[in-house]
């Protein structure tokens, strides 16, 4: 594996969701924390697409926000090309310029009062990369790069469809010539036919500019299509990391298997699936031991008491006690 | 017969010696009697005192002979004791009437119906000061712990504020301050039994509401009638209006002694120039104010005192027709570009006070005096005069003693000790001051009048006041009810008759 | 729940202290009380002496401390002007204002609710548009003018209703006087109640309409319709109940301002309530009455707020669970 | 990469055309009430702004008045001077028409400036509270609560009282109007602050704000350049309705005796004075200013109302 | 086009739904026809804005004014329901046609307990006592898989998790035993792992009661697993209807084919996804002829001129495309 561009170690994020002080005093409650991410470690190599999958609330977006410096981590470090990214420490502009983010909702991610040209050139202006005229020309150029017309710079976001807006958001992300782009569910608000356009565009851009992606999605098929490596999150913990296609071929963690089972797939039409039992537990009071044990068909005593540590698997690593027994190290 | 009576404000208290204030006196007069009272024409007449004269041996003693057979409303008899007690009470620190009786050294009961009032010196006009002096029952006051008048500084309430025991024509039935006060005729009253056996007194501050109440038949008698409504009321069936002069003059005054004014754009004091004062007098169109602003409800005059006050003369009263051209010239002669000044004016005290000021602002503007008007509530206006924080102001002054000395003491004498409290213009003339002090103790009334004349001559020459008019009062009553206008705006319900 | 109430109480106390400071500060600046306390004859020295004895020359902090201390005991001193204990004075006048506020508040609430529901359900109807536009006239004229016009029409010209005052009142117990029990008392209420309530009615009506329209568009209403529930059940059982939460809040707050707004109505109709008391005390710079009035308004506001919060609890089950879930 | 050429390639229409073609403009064109209201407001604003040019006389210049013209009924010659006034003259001999024009000017000025003041204050506080959240937000909103406990009139009395203590003599006249503006404005900022706070709390969680944060844009820039334009809709609605309220508040204040100097009457002062002549029969002194105020406030209210509906896409 | 043997439960013919707007009248549905057989699960797919929800809403008579059914007819067991009065239609809703909406968070009235909402609905349609209605409600909750239903029934909606809430919603839709259930994206707002549970419950319980289901979704996977037949909507028009397996494996309409190709799968290896250029037209700018023609690689002359109607093909398949009209394919060869 080449040198990692992004290296995340022991990343943890807690949110204070305690009741107000007075309530705690009267009701004799302790402070309550929601652990959105616990002890997450992974690396992203230059030029690869690392994907994070997991159900709603598993902490995907929280990782994304910490990685781009929107949230400070509670513990652990994020290094970008060796330099630390930590919102609470302040991030130098020269570093900021090198990463960007694309968001889920194409309707909320563009300021409706700004012209498309202004939106796209905002990073250029903020980083002081070009003068105003050049910035305008650059915005027009970028629009063509993402498959829109240069004359669209004077329009407002509401004049575009969802897919077109996502293209504009991508153009904005490209404008500061970043190396790394975090994409938080970039297509989940789009129709499949448009999703295909965006996914194709993202791939094309990656080829053209040598971009590195952190792709977040809950759609396994999208992830499979795009990712070089995949991390599976459950209740804030990384339960499995594996090479893209191999994760689907030979899932190691029972949760990964369960997820794969749950996905209705066109080609599997007619297959009788085994629906998963139960729902995701409340993240404020996650189950002891392995958080997945109440839903896990393989759970045994140790799962209830001990948090499993990641251990190597053929295609990567997974955190499951059952693996110990099945695949003795 | 019941009479429902509305006016702009309520009595502040029922304590007879606490507040020297118009509406309070008016209401109290119905419950408490005074030693001496004043007729509608302004002359003194006996009340609880049947006669009063200067002691033949000592010019500083007034001998009062009291009425016999008078009882208080609680049934106890009225005697000299009560008068002496009332004197003590009215002279008490917390009394609001001390200044009126400032020359009194003490009162002494000679017998049950004779009282000697010892003055600090000869006080020939002192009985004029007795018309607002209410007599209380000594035993009642002592029993209820109200030997001293209400003193708000002490922070406690006084029994006499809401309870009464007078010798007057009416007994208090109920009182809800600022809402209504009900009185019924006192059957033991020493005078004639009143025709109106019940009086319901209601303060209604809003003029339109007050008149509406009369027009809709909710009240019988409205005391403060806005001048503009008089015509309509006169035409309305079932309502009539009676008018008469009030013991009150409205005038402007100004600071003529300061080096520089607070509100002027020029570097000296414009009012210190006689030309300016003359110009202002020349541009004031009193007749226009009378016709338009007052709708005839005023008597324009140059003298700052009503005709029935001792000291008034015909020639003082005369004024020249306005001459804007000449006035402009006079202003130009001192200030070629004119000057500016602020006029302070109350807007809730006198009949059309604000409108009068506004009209005067226009008149001054025409001769190059740029006046800005600061019209505000009386509670904010009067302190300006007291604290010498005004350059130019409107004031109305009544003369309850019917004597010019009252005006001199408060408005003309240099401000010192108890003198000059309302001399807001800082007028100061040592000669005049001496004369004012002199007349206080003069017993020779003719000589005294002569000195008064001298003082007035000086004051008029110096143009200390720019008088506008003598206010007329208008009462609106329902038909079938007869009432006279009282010069001090203190109508008496027991003299009311019904057709 | 207990914590919630305690927090509310602490907040209320802070509000009250702030209001006390403001009301105290306010009247250190408005006019000069001495002037209205003494007659025109009082000399300069007399005035100064009075100022001293009233403590008006002490340092501001001392005066404020004294003020708070007294206020806590319900002691606002003696009215400079009426020379009665202020607390008693206010208690005497409060029934009039409360009755007026209650009647006009109820009037405003009922008609506002009714018209609001009507105009929301018949959104495109002609009558709805007339009501909506007409109600704006009510808020486009100053209250005092409306009052004066009502008096002119109904008291002076038509002579149907009294122009001022409360009519006959009956005392209940030692401190409550009511105009509800006599005909003249009830008649006297009509015009002032309309004048005072008009503005609030418009407000409530518009609020109800807006909220109801919002709720009617919500998914659960669509779902209720899709289940075949009757229009009545949908509009009133489901939609209206859900509009009540915001409506209660605003109406509650309005009740406080009704009492304050009564200043104008009471002035015009010579209604013997605390509002009229306040404005005349402003005119005469009757400091104790003014401070007590402001404190009273704040207290009423705080109490109403508390009641509204409790009503919230009663109406909305979501609030009964711990609030932590909502707090982020 | 297939360039998408779906967007209609017609030449981009001009700014003016776009404004005319916008939903708001369309909604406006099809709402007769809004059109009439706008016309009324425009006429009133025009007459008041250009009052010095078109009014028959300058009623604010006391020297130009002739007291003898007082109480001249409309269209009738005055008994003393023979002058005729279209809408009559008031008690000071001022031509009612001119006085109303100038009075509206004052009222509008006071109203507009008060709303502007409230708006600037409310928006700043609201944006700040919404952006910072936490205890800053709670504290600011508690202050707003306290402020709500005091109705506008009481606040205005407070401001007046304080101002009186500071403003030197001779300047009261000129400053009275500014005091009034501050007084009314101060009592009105809460609404703006609350709405802006609420809206900006919603906006700040939108992804376009995060996008700006990712590139490290300054918080002030985010607040004012990103969030503010997006919360202006409700602000505009409140501003319109506040304008009507401010004009009426000014009238009410002058009824209570605190207001602009009587020599420079506003509509409110005119009505306050005029209502004293309701019974006496000089109806024109009350009627014309009252109708003007009603027309102005009603139109502004109607516009605000319409705007509220028009800006709320779900209501259409 | 349908089996002659059984009469369809629901029959929609040439349904046109219009919304008057400032830019003219929008046709949200343009001559849409399809049938649902008793007990059948009909999937309805299409991109956002294709008109899926409007179809559901018009069947149940809940199109929001000023929208209206401009023409066409809807029959339930042969009886016309699009012309029923409000009161009669109300009785059809819930009783004969149940409806499940997308977002379980907002579908329930937060101020009433689940029991109140269930019994109210049951008693609106079935004349039984409160106690009995409650019993039914508990049984139903139990059936849709709510653990400890008897205890949880008195909870408020906010006490339930998203998946549980959707189960409650399904219970509400089914509580008067309707013959047809319209489920408008019942799982879009839910987690992947919960999605399959909900679909399972819905499918099972309808099968159990013999209710037909119209399953609206844009997730082809769900359709593939659940539906018997699928209808594809494009720009308010029916593009293709047919048995699920056939449509997926061998789409007739170029749009359907493109759609299938654009979906990444878990099994097939594709380097590039099939990409249909452009986007579905907005309703006020539907091109002349076939609505899909500007995006269609196989478009030929008639596509740009005349709108194709559904053409029946063998195997119970219908497709609206000129490519399958023998009379026109000649032109293709000519070109």
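We just call them A, B, C, D and E in the order they show up, numbering each chain from 1.
Following the convention adopted for this analysis, a contact is a pair of C-beta atoms (placed from the backbone, for glycine too) under 8 Å apart; a residue touches a chain by one contact, two chains touch by 3 or more.
According to UniProt, the chain labels map to these proteins: A = ATP-binding cassette domain-containing protein; C, D = ABC transporter permease; E = ABC transporter ATP-binding protein.
Everything numeric in this text was worked out from a predicted model, so none of it was measured.
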Distance in touch steps, counted as few as possible, from chain C (ABC transporter permease) out to chain E: 1
Pair joined by more contacting C-beta pairs (C-D or A-D): C-D
Where chain A and chain C (ABC transporter permease) are represented by their mean Cα positions, the distance between them in whole Å: 54
Distance from the mean Cα position of chain D (ABC transporter permease) to that of chain B, given in whole angstrom: 45
Chain centre separation (chain B, chain E; CA means) in Å: 91
Overlap residues in chain C (ABC transporter permease), where contacts from two or more other chains coincide: 30-31, 148, 152, 156, 267, 282-283
Interface hub residues of chain A, defined as touching at least two other chains: 161, 163-164, 197, 200
Where chain E touches two or more other chains at once, by residue number: 275, 277, 279
Touch list for chain E against partner chain C (ABC transporter permease), complex: 60, 62, 86, 90-95, 98-99, 101, 103, 106-113, 120-121, 124-125, 156, 158-159, 169, 172-173, 176
Footprint of chain A on chain C (ABC transporter permease) - complex, ascending: 2-4, 6-7, 10, 322-324, 327-328
Chain A-facing residues of chain D (ABC transporter permease), complex: 1-7, 9, 12, 206-208, 210-217, 226, 229-230
Residues of chain D (ABC transporter permease) that touch chain B when the two form their complex: 61-65, 67-68, 70-71, 80, 91-93, 164, 168-170, 172-174, 257, 261-263, 275-282
Touch list for chain C (ABC transporter permease) against partner chain D (ABC transporter permease), complex: 11, 14-15, 18-19, 22, 26-27, 29-31, 132-133, 136-137, 139-145, 148, 152, 156, 213-214, 217, 253, 256-257, 260-261, 263-264, 267, 279, 282-283, 294, 297-298, 301-302, 305
